[in-house]
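The structure is given below, and queries will be raised subsequently.
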Amino acid sequence: MSVDVTEIGSIPDAWTRRHLLGLEDLSREELNIVLDSAEMFRDATDDCTRKISVLAGHTCANLFFENSTRTRTSFSLAMRRLGGDTVDFASGSSSMSKGETVIDTAKNIEAMGISVVVCRHRTPGTPHLLANNLRCSVVNAGDGPHEHPTQGLLDILTIRQRRGTLEGLTVALVGDIQYSRTARSNIWGLKKLGAHVIVCGPATLVSPMWRELGVEVSHNLDEIIPRCDVLNLLRIQFERQSTRPFPSVREYAHLYAMNRQRMDRAKDGVLILAPGPINRGVEVTTDVADGPQSVILEQVTNGLAVRMAVLWLVCGASIREAE
Amino acid sequence: MSVDVTEIGSIPDAWTRRHLLGLEDLSREELNIVLDSAEMFRDATDDCTRKISVLAGHTCANLFFENSTRTRTSFSLAMRRLGGDTVDFASGSSSMSKGETVIDTAKNIEAMGISVVVCRHRTPGTPHLLANNLRCSVVNAGDGPHEHPTQGLLDILTIRQRRGTLEGLTVALVGDIQYSRTARSNIWGLKKLGAHVIVCGPATLVSPMWRELGVEVSHNLDEIIPRCDVLNLLRIQFERQSTRPFPSVREYAHLYAMNRQRMDRAKDGVLILAPGPINRGVEVTTDVADGPQSVILEQVTNGLAVRMAVLWLVCGASIREAE
Amino acid sequence: MSVDVTEIGSIPDAWTRRHLLGLEDLSREELNIVLDSAEMFRDATDDCTRKISVLAGHTCANLFFENSTRTRTSFSLAMRRLGGDTVDFASGSSSMSKGETVIDTAKNIEAMGISVVVCRHRTPGTPHLLANNLRCSVVNAGDGPHEHPTQGLLDILTIRQRRGTLEGLTVALVGDIQYSRTARSNIWGLKKLGAHVIVCGPATLVSPMWRELGVEVSHNLDEIIPRCDVLNLLRIQFERQSTRPFPSVREYAHLYAMNRQRMDRAKDGVLILAPGPINRGVEVTTDVADGPQSVILEQVTNGLAVRMAVLWLVCGASIREAE
């Protein structure tokens, strides 16, 4: 019931990174290595349901200073399906609240024989700080509003699986762009792979400054819909907002929810993505979320495949460097 | 140190259920398949201390919307002793508090390559809702006051191990019947296997309506004691009650605690069960809880055996269906 | 990627303990068995990064009534690197808050087929109570201010690795001695292995009563520094103190922080230990903590090795006894 390790082989020579900190740094070739590896793992493990022992003996530490069940679990399952082990260090746990620095916490974890630290922190650059101070690998699982590279990669992999290529596609990121690390990682990745990116949402959540990243800015979803091959509906993070950036949820949904009427005006074969957890009736109506164009659950399965690929690549680069 | 998988073989042809939602649905034959399988696993693994790799590569997700250390741990250990893996989704964790529906949460978990979801929720029917919406297996680990089938099965297995059969035995469920899922699951299982069931407790906790389930109703423990082969002392759930259904703990213990004096009036070989955690001096006195008639700790070990059997059966039925 | 079990062999005949409750009980020979075993595991597993399957099929339960990420994780990783499995029972979890006694909780855990219980509790003697009532092994992971034997052992192992022997060394324990289980375990272990021990700190944290344990008492770090081979800088536990035992943190640091000036007056090759998490600038300045004399991170790695050795020894003694 487990996959033969020899099917997998060693990591590509062109991959030399011990860390994955963001998609801004990656070349087009490196992006394709991760995506190709993820597809290989997805195929070799029957949609991520079988084990493959390429990281047996290795341990991944989830160092999450912000809560996350979903991303943390996805990384844990990915590591274990590679034959490795995981330990969790949750925010608010004892050692983190005892006045220790982030680097000291991470160095202590590393000294327990850890191969890779997966880090989420509300401060942008924390994973970079760790990468500069640890000998083990570091993967960014979200640093404030900066980057969330595996989310970007799983979104891109899902589009590539359905459409074959990103080249020439028009992808709209809709909704809460301002504080979204998912938006930033998507933009870097999508543009390098040849897609045209539109960011779309109310002016309070989408500033004209985004044009500096080489993307189109829109405040009118209805205007851009007929041009889009992909709509990635970012979550309105009610739990993070003290004041709402729009008058009411109903008003937001009226202007930006993806619903049947808007689907009718969209291209044939348009893909609906959402990073979840989704607010049904806010970013997307139920018929669209559960409809044939929705690839929301494929994103989740691809998340595992992407994380298997990333863990395998960064650990492999560490091992090769040590040899 | 692990058991040869070939000793176990495949699941019985008569078992076709991908889910275990309650004992009300099960036939007498199905009940016996679970109990026989549990005994097989208990024997094959030396009282559940050795591993057996029949579910290697499979992952079980514990989706507990209500707290439970004990049941969750028992399911986790059962899955891992079958060679499988587990992930926990605890109540109050981030994704569950972000306004997502239960079905969306479960579908997301399923999309991570999960074979079986073990669900506890305070709303009766939640596991049934999931079973109708997921392709993977679902096991009910307690849905409000409705059912807790593995608790019923482990109680019944413990009685069967000591007495050989349930046929003709008189089993009293004593105490907090009203809101007890354990009581309901015991009643369905015990009656199908031929036992006579008495529910006994103060009128505030035991309504005459229970007669509709075909059981005897009593408010007087002393009166029924001489007729009972088994006394299952349900926990008084102080932590769930805002107003007490009896004047004082002392008064409850006076009328319903199983103590030495009551043991002297009981049948020879009477069995004392309690689902735990027990309140010593409330439902049961220390000398009885730790005495030779008490099978309280055997219940815990049988809980593991029953959960190994259930996970093996429902996953096996899923695999067979997929083939 | 895993170690051949036959390299390890069986536990030494001279080790007969099923429990590790404290270093006060251990003979010099037993201390050396643990230290030698820890070195063997450290070497055999490449600084605790590889697996060795000597406890395959066994499960360790972490029963922590006090919070601890670090110690708990270290035990978990140690057990899993021995091929075993772990389950956590955290303080404040449901079963523990339902009025159950500690012994009942532990017996329930044992009945799930657990081989070893690792226990932390704020009441001194709790692990001893469990050891008297369980058939499985018990390891003390800290009982109030009493003992924390694996911390003592890892401190001693770290000194022995650097200096070859403890015999004739002068070791100072500096800081918060009064409520420190680490201090007590260190004292018992160090003295049996032939070291001279000084406890040093403000009079509010270091009473003259400590002389009864056969150690030197000092309130003046500067006076003792030139004589010390090892300085073990115990953590000032701000989070446990309602009133501070010294006027200000600055004053404490002025008198007791290990800094560059004090290092200049210390012996060549003095070792700086700290159990962590460290308060930089309080017990130790950054240049010293990160300097060449600091063995703080070696302590963490040795903690894993010591816990592998302890789990292997106590489980081995249980297995031998059962045969």
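First chain written, first letter: the chains are A, B and C, and each begins at residue 1.
Basically, a contact is a pair of C-beta atoms (placed from the backbone, for glycine too) under 8 Å apart; a residue touches a chain by one contact, two chains touch by 3 or more.
These numbers were taken from a predicted model, which means no experiment stands behind them.
Participant: In graph terms, with chains as vertices and touches as edges, which category applies: line, ring, star, complete, or other?
Facilitator: complete
Participant: To the nearest 5 degrees, please report the angle of the rotation taking chain A's Cα atoms onto chain C.
Facilitator: 120
Participant: Same or different: do the copies chain A and chain B touch each other through matching residue numbers, with over half of them shared?
Facilitator: different
Participant: Using the average of all C-alpha atoms in each chain as its centre, how far is it in Å between chain A and chain B?
Facilitator: Roughly 40 Å, centre to centre.
Participant: In the complex of these two chains, what residues of chain B are touching chain A?
Facilitator: Against chain A, the touching part of chain B is residues 56-59, 85, 87, 89-90, 93-101, 104-105, 107-113, 115.
Participant: In the complex of these two chains, what residues of chain B are touching chain C?
Facilitator: Going by the criterion above, the answer is residues 1-2, 45, 47-51, 67-70, 73-74, 76-77, 80-81, 235, 238-239, 276-280, 297-298, 300-301, 303-304.
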